[in-house]
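Below are structures written as structure tokens.
Note that chain A is present in both complexes that follow, paired respectively with chain B and with chain C.
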Partner chain A sequence: MKARLRTGLRRLAWGGAGAAAMAFFLYPFLGLLTPVGPWQWNAGVPGSTAAAVRVSLGLTGLAMLIVIAAGTPLAWQLSRQQGWRRWLWEAPVLLSMLLPPLALGLLLALSLGPGSGLGRMLLRLGLETSNSRLAFVVTQIYVSLGYYVIAARAAFAGLDSEWETTAALLGQNHWQTFRRVTLPLARLGLAAALSLAWVRALGEFGAIVITAYYPSGMPVQLWINLQDSGLPGVMPLLVLFLLIALPLPWAAQILAARRAAPRS
Partner chain B sequence: MLQARIYQPRREFILDAAVELAPGDTLPITGASGAGKSTLLDGIAGIFPFTSLSQVCWQGQDWRRLPLHRRPFNYMRQNSRLFPHLNVGKNAVFGLPPVRQRSREDQEWLEELRERLELDAIWTAAADEVSGGQARRVMWARTLARRLPLVMLDEPFAELDSAAAMKLLNDLCIWQQRWGFSLMIVDHDAQRLREFSVQPRILQAGRWV
Partner chain C sequence: MPNKLSISVWAALITLTGVGQTASAQRVQVAYAGSMTAVMNRGLGPAIRRDLRLRLEGRAQGAYGLAHFITSGAIRPDLFICITPGPMRIVLRAGFARRARPIARTQLVIAYSAHSRFAKLFQAGKTAWWRILEKPGLRLGRTNPETDPQGRNFLLMLRAAGQKLGQPQFADTIAGPTLNRRQIYPEAEVMARLQAGQLDAAAAYQCQPVALGLPYIHLPWPLNLGPGSHRALAHMRLRLQGKSYRPGRLVFYAAVLTRAPHPRRARRLLHWLLRPMAQSILHHYGYDAAAGARSLP
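So, the complex of A and B:
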């Protein structure tokens, strides 16, 4: 009886703590219910909302493909480093995450913009490095790659190296082992890493506002709408942003979880 | 012909053992726990970098120059486990090429292993759905599916009851006669190893007795 009571109380305490945390996370969204007047979908500029959604989804999607392609091997490499080598390799990755986004935007604009050597060279090739799709994607990659790499590194490091040895003993070369064993076993962690990178890139404002004010993605469009029309122009875009940002992390997690438990 | 000398310092002793094994021959190895039996097989396989005093030659070829996945042996380690993301069947064929690229002989051999190791009923089961003994039998299939000239088995009867172990031992002898592979087999149960025509060798504190 006493034990049952204790179990009940423990469950209640855990449940209460969980509910309090959820309430904390959700509380700011009550702001959406604030009466700010009739919502303006395009904040005075026809098609601006749809354009912002298109820019954000398309270019962030492209940035994520590059983040996965470049970040996965780097994360695997980092997970295999020991001691000071690891710190040395990880330092640049952490550095990219440490800077305030605004400062990062300024540095990117100075080093990659049309005033820089590289920027001038690219411009001669017809590639604009400021207020362009290229600048948008490069900035997004820069701000999210570190998050992906650090989370993916943890996913790889958590794997028992015994699995890779077993695969090699069964005649699999490095690439086959990586594809058939390492990647599938690290799948859940990699999905979490991708989710993190996605929300980081999609929501990026501070750096993007410096390097790629145009083409305006959703965060910059929010800023423009706030300036032009006040809160009624912000609210609809905010709701859209939430609807667009959530599905990818969910889909990635569901897909990874399903594949991690084979029943074929 | 396998010619090996493994020199591997361990915390309690230095493993220093030489092995010579002709094609088709058997070397049963026994010894107390921690005598260096698994270290010897790991050493020959080259799972850890070879020490400068270690040497492994197979048919005159130095294994130092061959990456792990290209060395021509099948090795079931003592602590082997099934890949948790693959079902039983996919675990068993892991080392084989895809079905379309498999030779008929490979496929028939796989079918035989599947039948002799009683894997039919669990072929589509998830790796974590099978018992310890069943998992061990899947590991037998996974190890032997690729027909290579050297087979190394470290405590391959762990988790199997004695009747199943004896049956597998008999099958192993038949398969060895048929395929002609060299065999190194480690078992703490010296009695069981006496089933082979060769006397088991005993390893003690890293040296042959």
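So, the complex of A and C:
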């Protein structure tokens, strides 16, 4: 009886703590109920909201493809390193994540902008490296790649290497093993890594506002609307931002969980 | 996974998103003071497109920050527009512009929240502005005087008002300590908090409440820092972090930058900004004509 009571109390305490954390997460959304006057969907500029959504989705999508292509092999490589070699490989990745976004934006603008050697060279080829789609995508890749790599490394590192050994014994080469065994096994972790990178890139403001004020993605458009029309121009974009940012991480998690389910 | 992505998907995405785009033929990039966002986005931008067939790409930020970005080479706009001569002088001294033309002027006002319990007092116009600001419980907003000229100008205005009223403690009564954390917010946030009713009143340039549809009251000359006020208030000084500041001229200056990617477009735009069409748009958004203001340097 006593034991049951104790279990019940413990459950109640855990449940209470969980509910408090949930309430904490949801509390700021009460701000959406603030009476700020009629919401302005385009903050006085026709089509600006649709353009910001298009820019954010299209360019972040492209950035994510590059992040996957560049980050997956790096993460796998990192997961196979031990000791000082691992720290050496990880240091630049962590460096990209530790920099405050504003500092990163300034560094990117100085090293890649029109005043830099590389920027001048690319400009001669007709590619603008400041306030352009190129600058937007490069900044997004830089801010999100580290998150993807670290999460994906953990996913690879958590795999049982026996599966890979078995595949190798069955005559599969490195690439075949990676493609047919490692990737499917790590799918759930990779989906989580991609979700993290997506959210990080989509919400990036501090660095992008320096390197690519144009084309304005949703976070910069939020800032423009705040300066242009104040809160009535910000509220609708906030809601839209949530509706757009959430589906991919959710879908990725659900899809990965479903496919992983038969194996578990 | 990347190995399954065909080249055609990549090509389609790159084309769709236009990452490899070359320099657009008709854009003109303008870095301007954040307080001009509304007039640029809604007023001047569409008119520039119509009249000059140029696509305005603006960058609205704090003017001092922009000036430093420009002189460091981090950004390379065609035209730079700022308020007060300070930020423009940074650009001029570094050789990034040769001459800055005055294009408009504004004045210091007190914006207030329509939701405020003091709104009726402001609206009625029977109580002096300084008496309302003195009311206990009034939540006042202003920008950081250490980083923002508007914040400095407001403190200087309060001190000048104190002198005129014969109340040397007036500025301290209203503003409290220089960096009063109950009053200081970033520029865009001050206006947002007024809209949300979290502040009762705030220092503002006239163009800001006009653009947001917020109510405001005028200040008497020379406290509004209108034309000629910098001479009338020439004796006023504000010392902050070892530097001495005087009341600024609330004039908007525009300069074509020497490293502009599109100098010809920038010159066309600057000339257009001085013409009646642009001036009437500026007027509509709460800006005054810059008559009497001189070019820099």
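For this structure, a couple of remarks:
Note that in this section the second predicted complex is superposed on the first by the 262 of 264 C-alpha atoms of A that agree within 3 Å, B and C clash if a C-alpha of one lies under 4 Å from a C-alpha of the other, contacts with A are read in each partner's own complex, and residues count from 1 in each chain.
Operating definition for what follows: a residue touches a chain if its C-beta (ideal position, glycine included) is under 8 Å from a C-beta of that chain, and two chains touch if they have at least 3 such contacts.
Computed from a prediction, not measured in an experiment: that's the story for all the values here.
For the composite obtained by overlaying on chain A, chain B and chain C can both be accommodated side by side without a clash.
Look at A:Val36: by the touch rule set out above, it reaches chain C but stays clear of chain B. In the superposition on chain A, A:Gly58 makes contact with chain C only, while chain B stays out of contact range. In the superposition on chain A, contact of A:Leu185 is made with chain B only, not with chain C. When the shared chain is aligned, chain C comes close enough to touch A:Gly126, but chain B does not. Judged by the number of chain A residues each one touches, C leads among chain B and chain C. Once both structures are fitted onto chain A, a short way to say it is that chain B and chain C open up an angle of 170° at chain A, using Cα centres and rounding to the nearest 10.
Of the two partner chains placed around the shared chain by superposition, chain B is the only one that A:Asn173 touches, whereas chain C remains out of contact. When the two structures are aligned on the shared chain, A:Ile210 is found in touch with chain C, with no touch to chain B.
In the superposed model, A:Leu88 makes contact with neither chain B nor chain C. Remark: least CA distance from chain B to chain C after fitting both complexes onto chain A is 17 Å. Chain A contributes residues 34-37, 43-45, 48, 58-59, 61-62, 65, 68-69, 72, 106, 109-110, 113-116, 123, 126-128, 130-134, 137, 179, 183, 209-210, 213-214, 223-224, 226-232, 234 to its touches with chain C in the complex.
Taken in their complex, chain B has these residues touching chain A: 45, 47, 67-70, 75, 77, 79-81, 83-87, 90, 94-95, 124, 126, 142, 146. Within the complex, the chain C residues that touch chain A are 1-3, 5, 10, 13-14, 16-23, 29, 34-35, 37-38, 41-42, 45, 57-61, 69, 72-76, 115, 187-189, 191-192, 195-197, 211-214, 259, 261. Across the interface of their complex, chain B is touched by residues 162-163, 165-173, 177, 180-181, 184-185, 187, 259-264 of chain A.
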